Amino acid sequence: MTLLQIEGLGISFGGLRAVNDVGFSAKPGEVVSVIGPNGAGKTTLFNMISGVYLPNTGRVLLDGQDVTRFESHRLARKGLTRTFQNLQIFQDMTVLENVIVGFHLAERGHLLADILSLPSTKRRAREVRTKAMDLLKRVRLDKAADQVAGNLSYGSLKRLEIVRALAMEPRVLLLDEPAAGCNAVETEEIDSFIAELAASGIAILLVEHDMKMVMRISNHIVVLDHGEKIAEGSPEEVSKNPEVISAYLGAEAGQDTPSVEREVANADG
Amino acid sequence: MDALMQFLLSGMTVGAVYALVALGFTIIYNASDVVNFAQGEFVMLGGMTTVFAHAAGLPLPLAAVIAIALTALVGVALNKLAIEPARGAPVVSLIIITIGASIFIRGAAQLVFDKQLHRFPSFSGDEPIRLLGAAILPQSLWVVGGAFAVFFGLWAFFTKTLTGKAVLATANNRLAAQLVGINTGWVMTLSFSLSAAIGALAGVLVTPITLVAYDVGVGLALKGFAAAMLGGMGNPKGALVGGILLGLLEAMTAGYLSSQYKDAVAFIVILAVLFAMPQGLFGAKHTERV
Amino acid sequence: MKSNLKWIQLAIVFVLIIALPAFFPSGYYYRVGALIFVNALSVVGLVILIGYAGQISLGHAGFAGIGAYACALGPDYVGLHPAFSVILGAVVSAGMAALIGKPILRLKGYYLAVATLGFGILVSMVLTNERALTGGPDGTAVAKLGLRSWLKDAGIKLSSGEFWYLVCGAVLLIGVWIALNLFHSATGRAMRALHGSEVAARTVGIDVAQVKLQAFVISAVYASVAGSLLALQNKFITPDVAGFMHSIEMVTMAVLGGVNSVLGATLGAAILTLLPQVLTIFAEYEQLVMGLVMILVMIFLPKGLLPSIAARLRGRGE
Amino acid sequence: MLTVEKLHSAYGRIEVLHGIDLQVKSGEIVTVVGANGAGKTTLLKCLSGTQPVTSGQIDFRGEVITAVPAFKRLERGLAQSPEGRQIFTNLSVEENLRLGAFLFSDDRVDADMQDAFTMFPILKEKRNLMAGGLSGGQQQMLAIARALMGRPHCLLLDEPSMGLAPLLVAQIFEVVESLKARDVTVLLVEQNAFGALKIADRGYVMETGQVTMSGPASELIADPRIREAYLGI
Amino acid sequence: EIRLGASVSATGPAAFLGDPEAKTIEMLVEQVNEAGGINGEKIELFLYDDGGDPNKARTFATRLVEDDEVVAIIGGSTTGTTMSIISVAEDEEIPFISLAGAIQIIDPVRDYVFKTPHTDRMACAKIFTDMAARELTKIGMISGTDGFGASMQAQCHDIAAEHGIEVIADETYGPQDADMTPQLTKISKTEGVQAILNPGFGQGPAIVTRNKAQLGINLPLYQSHGVASDGFIKLAGAEASEGVRLPGTALLIADILPDGDPQKDVVTSYKSAFEGKYEQKVSTFGGYANDAFLLMTSAMAKAGSDAEAIRNALEDTSGLVGTTGTYSFSANDHLGLDLSAFRMLEIRDGGWALAE
């Protein structure tokens, strides 16, 4: 029962083929990770899936429906949303309001009702507020609820973005480097948070450079390099793939570099 | 045929006036993202100061140089006294400051000078030059020449010099500019003085054609702004092409369609261009990754 | 808690409107008051467009022009009662805004500014040049609303100044109420969200183009109604109402007062309307002082009067 | 080289640094670790002059620089690769690098740029692209390279490994280590605490605006509290 | 003391109308008060600058009436500001003398509204009469799109046929335009054009005149009374403006007026007073203000400070000599000038001369 199906996606910038003929699929409750070196085309791929860029080739199917040319907000209405590698926070709104905006689809009513502040509008606003607070509690941002979002530290904003995306109760969630800027312990929190979400039936697409996290929670991994899919499979398969190792993981290249030690250490611990 | 030629020459003349104003916008914009609504007042100051200095007995070239230098000082003062103290204010607030400054400068000009229209003699006489049945004044050639000269100067400044890059960097990311050692305050001062000087130069060149009074700045700024946007803000090429295009459009419309609606036609074309090219003809597309 | 704030703000505006006349030494102050309310009304519209949705317009006077001339021409050409002409103006403005808003609002920043400016200029050119219809640059007379004499028959005697003071005050109050409702609603939040990040707004399902258009249309209606009120009380209107300078003035009022604060914008309108009246004592120096005040406010209160002062009181600083 | 004494800093009236004492000796690599919101970035911003200091003192190479404006600190040899990368998105990659060496106009600039290209070959490939078009990780490389173009005596790095692929994370740490050989002192803020402590000489731990622990990196890395709170082991 | 109100456009697009007007009124009030006032009562002047904005003009009119409690108003530099003031003056029954040109100000006649300048319609008539006399019957017009230009353009169209004139080319330009060669080219290319008429004020007419010379167009050029000041010759250049004709007032030719001319005294005394006080040449516009002030004060001298009495006295004015002409108002004429006071002037050798 495939929820999201990607077929042959490709896009070019100027002369550069940033993504070429990439395809895979995701089922509800699955975590599919996309990994690859910097500039491999991961974010670009996400941008195409989420309607930020229009692909030159290929299709995106959601529930079997072709949504390739859908703008982001229409995709959102179909239950697909995302977070961003380069933070996209509503800086001037409060932390709580940021999350409430995430509830837009549930909250919005008729424009006239909003203008006249009809009881229905007020009631929905109250409900949404409570739900938003609950979400903030889950990422320990409830104390900052009334702060202007722009005043949060980088790591906190990262978490805020995730709950904002969750607010719309997505069926497909794309996370672009959710753990960037978080230390190992904080990463673990996010890690289990994502696992929980997947368990609740959301299909998750994950881009992340933290291999410990990727290896632990992915059901399936797609590896990109230079815009091409060079490997795919289970975490074990991928991590043993020599091409992946040389292009990305670099275990052979420097057995004793600190970063690799860390991966190893973390994988053990 | 000779009518067409006349419309072309006329369009070039007016277009060069717009281009000069549009070019004046470029530097401050490139340094700070602020469209300086007092740019028209710089043009006015250039013209008025020359008029009064000339009337006081100074030879025209000297009067012009003094006017340009004084206006550049006004530009520096504007930056030091009004823009710099508002550091950290949002761009709209800075724009309102420039609007306030334009009102202030106008108010000052009407006190220091007067409210009458003025002009001073053309640089090379008023004997029209005949060209394929059409006539152009020598002063128009000065204006067109001036526009091109300023364009080349600015183009070289922004593409060939490190200072030019520093100006661009300051607008793009002031914090980062400071981190690489750019004195952003100084960059702003430089930008305001250069913009003001270009404005004043424009005033000196165009006054024999357009006449000058304390309040001509508003109209010039408006057209210059439209021209700059048509060409693409911040790019000297855009300012030059946008200005001349706007002038030609107006002349052609006045000549062939309707003089009443020539401004309207010009704006409709601008709208049409922007719908097709949202950054104007030569405007840089900002790449912001998410 | 949030809606408390809304009622407090509304109450402030209401009390001011009711209480101020007690201090008026002459009928002229009613006129100034009415002007402030009219300006505030269009500026509140701009708060929705610029402050909430982050879309600049340098052409809103165009809508004021449509509203004003609807009142001037409606009775003559369509046989509409002036009061309904206000609605006609609003409908035409809304329609026009919806029509041009679609393509224009794809533009950003200064490009949007120049496009809206172009629109404003087109409107004012039509008003200026179509002399047969509009009376041309010298303007045209506007029919009486008739409500005042009707009130008189009903036993309520009001001077023209008092009458327009109250009418404009009441309309402003409604305008403020709507703007505040919007602020705390899903639509208002969607506007502010797209102001922060359009991409992110889209990913939570906000139809950015549509919400921008809503902001544009709503603000156009505000400007249009303000233009109508101006025309009706002046009983005479010229194309100046749609002019570039008027657009600039509106934006200036909004920014000076605080472009994302409804109350602030009202304050901005009050100050810029009063200032020229006060400055007549400086006569020659009027423009000088006017420019200076604008500069100083922006230097010391860069986010606009009200927000900056509020921030200071709250101790946030800048 | 760098001494920070009783440093306080606030956003508006909310104080976020409550008296930081910290020292970096010449040629050292010192790392600062801490949870989200601990104030690491704020500390670095104070050092580079982009965040006002409410009280306290910063000494750099024997001079008090607390009041020196940001743009003059690079002249004295203090460079920063800031959080959020802060590259010039509208300028090309090459222009970004050139501006990194804004203070210099000698022949070495070209050589430095070649060094940067050798370090991050992708930047050479993309030299004419607007920097805004780079991928996240590529932008991070550019930010680091640009800071190096300023020929600093002391380099402040705010999470340099963020968004970099594992191979490059390794490389970044190598680069930082290699700076030692070039006599560049490094103050490194990292979430990858393990990696950072591995190469650092000493480390500081920050919690809610205060330094709670400090010492030789090797001791910190072995400290069970740190292992639990920051290394997740 | 008598409270007199004034609202003129001392700044803004009509500043060079309003500026001399304001200066004139201030000067005259000073003069009258120095001379002991009107019937011993000093004049207290309330003068506002409406910046050419009709909405502001209306506010100042309200302020004059309600707050300053003036008994009469002079002002309205442009037709737009005048019309705004009118609605207050009529409502509050305050006599008002306008300084603007358009005929709609006094046609239909309003109880409390008078004006001093010749109407644009009269200017058209004067010009067309002159053209007809020179057998110039097919003309091209180029008009400013400002209020004055547009209004005169319409009036001229209205009465052209009466004078046997045919307008065969009709162009306009914006008030701030810098080049009118396309429009002039178009006119000069129109088959059969014999003369060009340019209604407008400000920089436009000067540029039109220069552009015409630049293009080498050899047709007679007529300007309106909107440019009747020495400044025009200076701006357009003596060479380019040689031969330009326009309907003007005695003020411009004060020096060459014959001694017996009834206006000689008024004109020379105003001119010398103004030019003595301000380092600025007189213009027709200051003259309009001068006349309005004379009319108003002479009515006040008769009627005291009661608004209605002043109005009645104004309407009774007869044979009052001003710089513009000799005014005689009546119940159905609130301008009180005829064409005879308009003189057809021609620019010769950089100065004004009578055309006849």
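We just call them A, B, C, D and E in the order they show up, numbering each chain from 1.
The rule is short, and it goes like this: contacts are C-beta pairs under 8 Å (C-beta built on N, C-alpha and C of every residue); 3 or more make two chains touch, one makes a residue touch a chain.
Because the structure is a prediction, the values reported are computed rather than measured.
The greatest centre-to-centre distance from chain C, using averaged C-alpha positions, is reached by D. For chain pairs B-D and A-D, the one joined by more C-beta pairs in contact is A-D.
Taking the mean Cα position of each chain as its centre, A sits at the greatest distance from chain B.
Chain C and chain E have centres, each the mean of its CA atoms, that are 36 Å apart.
The geometric centre of chain A is 73 Å away from that of chain E, both derived from CA atoms.
Chain B and chain C, compared by their mean Cα positions, are separated by 31 Å. Centroid to centroid, with C-alpha atoms defining each point, chain A and chain B lie 47 Å apart. Within chain D, the positions touching two or more other chains are listed as 133-136.
For chain B, the set of residues touching two or more other chains reads 110, 260, 263, 288-290. For chain A, the set of residues touching two or more other chains reads 43, 52, 84-86, 88. Those residues of chain B lying in contact with chain C across their complex are 35, 82, 85-86, 88-90, 92-97, 99-108, 110-111, 218, 222, 225-226, 229-230, 233, 260-261, 263-264, 267-268, 270-271, 274-275, 278-280, 283, 290.
For chain E in complex with chain B, the residues that touch the partner chain are 10-13, 15-16, 19, 145, 171-176, 178-179, 181-183, 185-186, 189, 202-203, 206-207, 210, 213-216, 231, 234-235, 237, 239-240, 280. Partner chain A is touched in their complex by these residues of chain D: 11, 33, 35-38, 41, 83-84, 122, 133-138, 140-141, 159, 161-170, 173-174, 191-195, 198-199, 228-233.
Contact residues on chain C toward chain B in their complex (touch as defined above): 50, 56, 103-104, 106-108, 110-111, 113-115, 117-119, 121-122, 125-126, 129, 199, 244-245, 248, 251-252, 255-256, 259, 284-295, 298-299, 302-304, 318.
Those residues of chain C whose C-beta lies close enough to touch chain A in the complex are 3, 178, 181-182, 184-190, 192-193, 195-197, 199-208, 214, 218, 260.
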